[in-house]
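Below are two complexes that have chain A in common, paired first with chain B and then with chain C.
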Partner chain A sequence: MNSMAARRRHPATLVVMLLLGLLVTGVIYAAVDSGTSAQAADQKWSETQVEAGKKLFAEGCSSCHGLGGGGSSIAPTLIGSGAAAVDFQVSTGRMPLAAPGSQAPVKGVIYSQAEIDAMAAWVASLAPGPAVPSDAMLDTSKADLAMGGELFRTNCAQCHSFAGKGGALSDGTAAPTLMNATPRQIYTAMVTGPASMPVFSNATLTIEDKQSIIKWIGSLQANDNPGGLSLSRLGPVTEGLFVWIVGLGALIIVAIWIGVKAK
Partner chain B sequence: MSAVVKAGGAVAEYTDERLGIAPFMKRSLNKVFPDHWSFMLGEIALYSFIILLLSGTYLTLWFKPSMTEIVYNGSYVPLDGVKMSEAYASTLNISFDVRGGLLMRQIHHWAALFFLVAMTVHMLRVFFTGAFRKPRELNWVMGAGLLTLGILEGFAGYSLPDDLLSGTGLRIAEGIVLAIPIIGTWASFLLFNGEFPGLDFIPRLYTVHVLLIPGIILALVTVHLMLVWHQKHTQYPGPGRTEKNVVGFPLLPVYMAKAGGFFFIVFGVTALMSAIITINPIWAFGPYTPDQVSAGSQPDWYMGWLDGAVRITPNWEWNIGAYSISWNIFLPAVVLAGAVFTVMGAYPFIERWATGDNREHHILDRPRNAPTRTALGAMAIAFYGMLWISGGNDIIATTFDLSINTITYVLRIAIFVVPPIIFIITKRICLSLQRRDHDKLLHGIESGNILRTPEGEFIEIHLPLGDKEKAKILGKVDHTPIALESDVDENGVANPKGRTARLRAKFSHWFYGDNVYLPTAAEIEAAEAHAAHEYHEQHSVIDDFRGLEVTSEPVLHSPAIGGHEPNAHEH
Partner chain C sequence: MSDIATPGTTADEHGHDSGDLELPNGRPAPAPLPHEPRRADVDPKAARRAERQVSTMFLLASLLVIAFIVAYIAIDKNVVIALPVIGTMSASNLALGLTFGLAVFLIGAGAIHWAKKLMPDVEVVQERHVLESSPADREEAISVFDAGAQESGFGSRKIIRRTLITALALFPLPLVIILRDLWVTPTDSPSPNELLSETIWTKGERIVTDGSYRPIRPEDIPVGGLVNVVPASLEKVEEVEGTLNARAKAASILVRMTPAEIRSQQGGSAEEPWDVHGILAFSKICTHVGCPISLYQQRTHQLLCPCHQSTFDLADSAKVVFGPAARRMPQLPITVDAEGYLVARSDFQEHVGPSFWEQGSS
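Up next, the complex of A and B:
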């Protein structure tokens, strides 16, 4: 003890202590965090699914993502992307990509759900990653709608707009409209963070939070308009366009009519 | 009928015996107004304002201008249990629990948009027809003031419900105040009584919105209309119309009926739109909290150009010691806005100085007859339009699948390039139309009928101009540019006003230099004599053929030539 006390002012002490601190923090963090990343293990995929997925992947995806899913100069690695990423990208028609661009456009879906599941199983077998939610996780019957609205306005509206109609991002990218998104796609998007979207892990937004957001988006999709026609819910731009063209147009036609009749 | 007349007479007599207003009423009710649809644009603004006062009063009965935080438990379920200000909660209450409340809110908001649209197009009409010229400059200034106040009033109304959109707008307003160098921070603290958003701004804004600005608008509208009354309405050039008369119809019964009817039509259209089309769905935006914002947050259309100016200004900022000067906000939102409103208000005086035109004008200019002014107006519209597009750049980007960066870069250039091009094109079109008028006076109207004389010559028959058309064209006032004064007088002494005079002459030349002068009376007379002669000649030819029947089937002559054509007739 005495010798250690003598060395405590050694120039290397600072470095050693710093490394020690980082190591302890890292170990504790890994121990605590393993709970969230271990969720991938919950998913049960059969061997046949993984095999079928590997084959489908080799045919449809490997030209860009590589035979082992390790990515290439034109496509990211899928090791650790998890089943949720595959499910979101393929079931929304974003993948396979027709051509590289600023953002994957939404096209027609070309794989069946069984095929998507198989590919998801194979990608999930490469390394643990975000898993596809179970039906119970997507059950929003007990979710709090008003809380969903609060969470949506805080976390989602700045890109997807208050009405879920989407919005522009930089350099030709855009937050898409949520009008056609299924609960499963909303969930997988939140846990994988496709394109410019941040990841909302279960530590950031709990499963209950996600359920309320899904419920809120569902209410936006139902699109109740107590005030009449919605004008696409794009805000004052369409209102202004409407009043100038239709509103003023109607009044000018009447004014011309009144002016002409006098002759 | 006689009973009605009797009753009316009794009322009139009763009033006259006490107020002595019969002579005034007689003069007023017989006052003549000219007739044109474009003279009714200002009426739309007036009627929208009346609708705003009526619907606004209804809303004040339930709206609570309070920032006190409460938990909402009203009938709109998606916001049940959400914390919000009383202002927002009472707006929800008006929308969902007050009978007719949502309709009234929508009437109020659509009428506000109509009010500003109508003021804008009314102002454009006045501008393009030169109705602001002497003696009506002061009424123009008042109109510019009304438009400015209308914009402020609209923005205040947009901000009151304290929903997420209006709070975002207020945040930008606060940013604009903060961007004013040196006093910005103090000014913002004064307005908001502390940090944004605070508890005091909404109640303060409410007083401004329901009392101060409407009061000033009402007073200005009254004076604006009294001046129209006193100075009499302008009229377009036409037969029998001079600078000293007004050709039209009396107020009673014609204009009473027309204006009254038009009021109900404006109200009807506004009510119809409000009944079937949502405007400002505040329930969908949610309550305002400073940590939330929605994509696609836009101001109402009349603020869109300023928002657009801010959006395309590069992010220039200076940090001098402890002070920041945000040129990116200050230049577009304070300097540009100030410059635009100043130039707008001062335009009649600028034009009068430049042209040296001190005459009174009661006959309106046709826009083509003031090409430089018309081109300036078109240029201003183009400039405004570019800023408008910038204001909606995000909506345009997502709707048309474009990159918002590209739109921004293109508009940064277009804002300087497009307006001058529009200026040149408009001026050329105006001058061409002047030349066409000139031609019409000298050669009449092309009838489109071609006459072949027995000698084989083809002539297009020109018809003489109608009296109406002729009066319209001859209503033009030809201006000559101010002559350039010499820098020195005859004794070689420098003219003290030389520089200004030179500038003014240059301006005047720029304004009027390209004018296509009307033909002289002698030229028109000669042209008419020539036309009469030609007409006579042509008609002698036509008379020769009178009595011949026109065949319905086209007959193809010289089959030898036409023979190789697949559709040629066989003879």
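Up next, the complex of A and C:
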């Protein structure tokens, strides 16, 4: 009988196993919470906005993207990116970037919507590009939810998962969760194709199609979990992991208790 | 077996052997650990406490079962409550699961606690029996077998023996024939090789968006764009049997990159290129085990399969750069028609979908 086997019957084993189980469970459920918000606003850019945006850009963005927004060896050009790209990248907290990497992480939003609009106005003044949507374009009251589901499964689900929870890609990149995305951010992401995401133009995925998709994502966001723990809705992988670690762990702890001799 | 030493016959007051056993290798068997009486064996107070604990568990189980019934009747199934970490969930589900689950657990736990604390725990030795049959039984079995062989004439009647062996040898053949017909079909229907080498893409077939069936012009797709597409004729065969097969084989994607980024393509010439100004069409069905893939990463031009992480470089003939797929993703030659819409130049030139034995090397 080796020493490990001997310690198996130690009274502390049960406590240790229990703590270990709790620790593992706790680590798995460390919930990541990130909230973003953006107010929908659409207006023709004014001259003062463009001027203010130019100033803000020079302070916060030009070290990488260049004073003229023409890009550099470490950052892409913004000429032709359009207002929508600025709106998406800054309102989700992706830009300004702390350091170049495989993917821009979502951080706290540091600019107000007025400042974001100003920078968007300046970038839009460089060259035509995707514009930010008007409130009417984001109105999903008449959108077809079922069609949205079909289009979502065809065009979005492969990366963002069927539940919109996101998923892994290659080389350290990942498709983000859509649970905190606003209709405006969903729209601007589709028309600009940030990072690894391809562009879904208004010609192949019309504004009505996009409204349907936005409505569908809204219904995914509003879903309750009547069955209890959603396990992030990532599917069979997390479910299997849960059963193997928590379920089997509990069974092992009970089995150890059964096997311990009573004092 | 039979050389195991006769087990010791002396036992102490708790039923222990005295330890004079001998193992087959001649060494003495290890002596059993001395029996230690439990607290409940020697202290009536501890025994009563254990008794109380067990009965409390059983009583709680009863209360929980009643609580389950009450919860089932009282709690509306649409009531949702919010819990920390877990989030929102149905109050009814939570109450029913907790009460019934705990009741079952407490009945089991009580029974085990009872057995561990109060039921006799003396160690008992159960002797093994010799597994070998007695010599007389073995003699008899052999003589019965010999008599059977003699009387049946299996040894002497050669013609019967040979025909029987022939019949048994031929018996599995129908199974082989049936299995063979799984892949060799009647002559009038196409072989799997033909079935899988053709899709409903034909020369001049319009390329339309999947789901909404809209034809696409080259200018509709920006650089970095992705469109999930199907052949226009799929809309017409929507209700016909076999549509799913046609759809599964024809599903494709269009991507656009700047022409300078395209390092190689699977075919085409300067006069008849397979792309349209950087718009490339590929099958959507992974060549590994057939997952639909459109995880196009526009910065690296890599197409990633979510099932087994096969990765294809669409800028370089869609060749495999990572993962278990053994074959590149087939490219669909495309061009524009007279009205300026994207159309297929022909069907795929390679098998779409998972590789299979008969396709040869392509």
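Just so it is clear, the second predicted complex is superposed on the first by the 195 of 263 C-alpha atoms of A that agree within 3 Å, B and C clash if a C-alpha of one lies under 4 Å from a C-alpha of the other, contacts with A are read in each partner's own complex, and residues count from 1 in each chain.
Going forward, a contact is a pair of C-beta atoms (placed from the backbone, for glycine too) under 8 Å apart; a residue touches a chain by one contact, two chains touch by 3 or more.
It should be emphasised that the depicted structure is a prediction, and the values quoted were computed from it without experimental measurement.
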| item | value |
| --- | --- |
| Which of chain B and chain C A:L169 touches, first, second, both or neither | both |
| Touched partner set for A:S219, first chain B, second chain C, both or neither | first |
| Touched partner set for A:D209, first chain B, second chain C, both or neither | second |
| Which superposed partner A:M197 touches (first chain B, second chain C, both, neither) | second |
| Which superposed partner A:C159 touches (first chain B, second chain C, both, neither) | both |
| Touch count on chain A, higher of chain B and chain C | B |
| Which of chain B and chain C A:G235 touches, first, second, both or neither | first |
| First, second, both or neither for A:L151, with chain B first and chain C second | second |
| Which superposed partner A:I252 touches (first chain B, second chain C, both, neither) | first |
| Contact residues common to both interfaces of chain A (with chain B and with chain C) | 150, 154, 158-159, 167, 169-171, 225-230, 258, 262 |
| Contact set on chain C toward chain A in their complex | 38-40, 80, 85-90, 93-94, 97, 112, 116-117, 121, 209-212, 214, 216-217, 219-228, 255, 292-300, 302, 304, 306, 309, 311, 322 |
| Touching residues (chain side chain A, partner chain B) in the complex | 102, 145-146, 149-150, 153-154, 157-163, 165-172, 174-175, 216, 219, 225-231, 233-244, 246-248, 250-252, 254-256, 258-260, 262 |
| Sites on chain A touched by chain C in the complex | 29, 31, 147, 150-151, 154-155, 158-159, 167, 169-171, 173, 193, 195-201, 203-206, 209, 224-230, 257-258, 261-263 |
| Residue ranges of chain B in contact with chain A within the complex | 35-38, 40-41, 44, 77-82, 95-96, 102, 106, 110, 113-114, 117-118, 121, 164-165, 249, 254, 258, 261-262, 265-266, 269, 273, 275-281, 283-286, 291-301, 304, 391-395, 397-398, 402-406 |
